[in-house]
C-alpha cells in the first residue's frame, strides 16, 4: 500500500499539498492512518505540469521525509496540476524506476494497490504491453505495467475504456494465475488537462479515495487519505468509480474492468 | 533515537544478528518497541572485524529493510566481532557520513542518544576534536564528535577514562549552551579485541541496553533492545554503567562523565 | 562498453584485482584504454563466492572510484572466485538493477558489449525469458536478458550450448529488427566452481578479452583489459571463443551462437 | 577541479545552459577541455531563483549525465538567475553535502579550485566560521568553509570585501600550514539580485573564467569554460578579478585577499 495526493486548480506551490498540511503526504510517509502499512518509505515521486506539455518528474529512493531536494523543489515549484506519491513496496525492489508516478509523453500515472500474485504472472503481464510502449518499461512493478497496457489500449482516445480494458487484462491474469485479493486499485492519472482517478477492488475492499474543493485556493485535492484530520468536508469516492476532474467539475461514473474475449 | 546491535564471540554470519532473529535489527528499523521513534529509517551501517586490524565498514542512506546489498552482505560475511546500527535522525541530514558506525584505524563506534541542543553548540563541540583526529570529521553528528574527542582524550590508552572525559566535555557544553535533557547516551565501541558499551543519561532516563550470552552460539549479543521477544534471559545494564565484554567475561563499572577543569 | 575483471584461484583480497593493480578495474573506471568509452562510471558491481553456494552481490550507481563502501569491502573480503564490473551505459538507465553482475541462485554473470538496436526489440527479448526465470528480471538491460534466457536454455546442464542458444536468439532479433553491429559480446559467468568466459562478435570486432596465470598468487585473472600495463604475459583470447577456467586449466573452444529453427 | 556555469538575464529554461549547448555543462561533466580533470563526475548541483527570495537547490552524487531527475528539472524550470556545478573531488567524499552550490538564506555559492593542503588545517578553517553560520556547515569542503566564513565577514553588506577577508583567512592558513599552490579560486555567488564572480590564484595560474552576453537571449552566461566551442565572443576574465554582473552591466575590479591582522 502506498499513499498519494494530486491537485488540479489555480497554481499553488507543491508544498501546499506535499509537506505543509498537518497530515501532508510527507507526514503520511511515516504515519499513514487509513492503510495497513503506516510507513511508506520505499521511495517517492512527483510529477507536475508547468510550461511544457510533458510533466516534470522527480523520483528518488529515500524516504520522502529525509530528502532535502524534495523539500526544496516543492517550495519552489508552483503548478496547477500535479501528483505526488510515497511508496510502500509490495514486493518489487526499491529503485527509482519502480517509484511512482510513471510518465510517457504528456501522460503521468500513479497507483496504490496491487494485482494479487503478480510476481507469478509478471511475464504474461509484460507481454500485454504493446511494442510501441515497451521502451517505456523501465522497472518491474504491476503499476507501470497497468499504465503502459492502458496506453496501448488507447488511453489517449478514451481514458476510461482504455483503463477498463487494461485493468481487465491484469485482472484476468490475477484470477487465472494469481492469488486473492485479485485487484486492489486506486489510481490517478492525467494528460496535463484533466485529472482522472479510479477506485476499484475485485473484493469491494478498495483502498480509500477522497477529494475536496477549496474555494479559497481555487483548486481540488484528490488523495488516498485526507490531508487535514480536522476538516470534515472531504468527500469519499464510492468503490467501483471512475472520476474525471476538470476545472471545478467532477464527473463520477462506474468503473468496471473488461474481461477479455480470449479469456472466455 | 536509533537502534543498534553488537556481537562478540565465535564467528557467526552477520545475518544471525542483523536480519534473522524475530525482532532483528532490520525488523526494529520499522518497528522498534523500546524507544520513542519506532521507525529507524534514516540510514544504517555495519562495521565488522575480519582478517585485518581495521574493521570493514558499510553504510548507506536507504532504510535497512530495503537494501539488497545489506541483505547479501550479512548473508556472506562471518565475523567474531561486529556492530550494526539503524538510524533515526535527531536533526542532522541523512547522509552516509552521518550514519553509524564511525571508524578510525582499528576503532569503531556507534551511538544512540543525543546531547541536548547540540545544533546550538556544534562549533564548540568540533573545536574539542584535536588536530590529529579532525581529518576524520566527515559528517556533522554529535555522535561522531564524541568518538573523535574520545580518541583525542586517549581512547587507545584508557577507553573508560577517555570516554568519561569526552562525554564530560560535551555534557559541559550542553549544560552551558544547550537544552535539557543534556545527555542521553547508549554507545558501543571496539578496538577489534574487546567490545565496550556505555549506558548513561544526565537525567536517569538513559536509552535501554541489554546483553545476552548464547551458549549454543558461543557468543554474546549487546543490543539496544532484545532481538527475540520471547526470550527472558536478556540482562539489562543499569544506568550509569561502563561495560567491557571480552571472551565470555563481562565487567561493569560506574560511568561518570568528567566535568572539565576549565568549566569550573 | 564496460570493463570487467574476474578471478579464480587461491583466495585473495578482492582489492588485489579491483583496486590495487596499477591499471586496476577502478583505475579503468575513469581511464580505460582499450575501449571506446574511457569513462565507465554508470555504476559498478561485485559478485564473490564465499562460504555459501550463492555468491555475495554488491552493486551501486556511483562511479566505482568514489564509493567508500566498495573500497572497504574489497579490502576485507577474500575469495577464490569473484567478478567485478564497471559500467558505461549503452542506453538503459543507471540503476542498481541494471548494474552487473547479475545473480540467480549459484550463478552470476557479467557482460561487456551489446545487441544492436536492442531498444527496438526489447519486448521480444523479454519474451524469450521463461516463466521460471522471469521473476529474476529486475532491470531492463540486454545483458540481464541474455543471462536469464541462457538459464532457461539449460545453463546448469550445458553452459556452452545454453549460451550459444541464448546468444543466437538475441542475435536473431538483432538481425531481424535491430541495427549493425548486431552482436558484440564479451562475458564472464560462474556457478561457483568454474569460471566461464566468452569473446564473440558478429562482425569480428569483439571487445578484448585477456587472461593471465600468476604463479606467485596461485590464481588466474580474466579481464577485459590487462590490470598492469607493464606485464607482457597477458594472453589474448581469440574472437569467437568459449573459455572454461578450472583450477589451473584453461579450455578454449569455438563459440558460435545458434540460429533458432523458427528463424529459418 | 570542477566545472560550473551561471546565468543572469531574461528567464530561460535551465537546460539552455546545463544540457542543450554543444559543450554544455553536462557535456563537460565527462569531457571538460580547459582543466586537468576532464571527468567531473563526483556529484553535481543546481541553484535557481524563482518566486521566492531563497533559491531552489538540487544536488546529488551521481554523475550529472546519468541523472534523469536533473534532465527533467532543467527542462521544466525557467529562471532568470541560476547556477550549476559538476564536481571533481579534490579529496573530500562524494556526498550531497559536499556538492555545490551551497545555500544560506538568499545566498548561493559555488567554487572551482582549492586551498593547498586544506586537509591539514581543516579544523582551523572551521574555527573561522562564526557561530551564526556554523549550523550551515553540513559537509567538509574548503568551498563551503569559504562561503560560510565570507557570510560571517559581512557578505550581505559588502560582498567583495567579505570575500577578500574570507579568502585571506584561508590563504593565511594555506601559507602557514598547507602546501603550494596555496590558492586557486574561481567562484560564483549571488544574493538573488546580482551575480558575482571571482577569478584568483596565489600563483597566477587561476582556473579559467569566461562570460558572454547573448542579445538574442537577453542574458549573460558566466562559465568556467565556454559552452560552445565555435563561438569566438566569449570574454575571458583576467586573473585577480572580482566581477559584478547586474542587468546587462559588468563591473570588474581587482580582487585581492586580505591577510589578517593577527597573521602579522
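As written, the chain order gives the labels A, B, C and D, with residue 1 at the start of each chain.
To be clear about the criterion, contacts are C-beta pairs under 8 Å (C-beta built on N, C-alpha and C of every residue); 3 or more make two chains touch, one makes a residue touch a chain.
These numbers come from a predicted model, not from an experiment.
Where chain A touches chain B, the two copies mostly use the same residue numbers: shared numbers make up over half of all numbers in play. The interface with the greater number of C-beta contacts, when C-D is set against B-D, is B-D. One rotation lays the C-alpha atoms of chain A on chain D, and its angle is 180 degrees to the nearest 5.
If each chain is reduced to the centroid of its CA atoms, chain C and chain D end up 40 Å from each other.
Chain B and chain D, compared by their mean Cα positions, are separated by 38 Å.
Each of the following residues of chain A touches two or more other chains: 68, 93, 96. Of all residues in chain B, those touching chain D in their complex are 93, 95-97, 119-120, 122-123, 126-127, 129, 131, 134-135, 137-140. Looking at the complex, you find that chain C touches chain B at residues 48, 50-52, 54, 56-60, 68-69, 72-73, 75-78, 96. Across the complex, chain B meets chain A through its residues 30, 39, 41-42, 61-63, 66-68, 89, 93-94.
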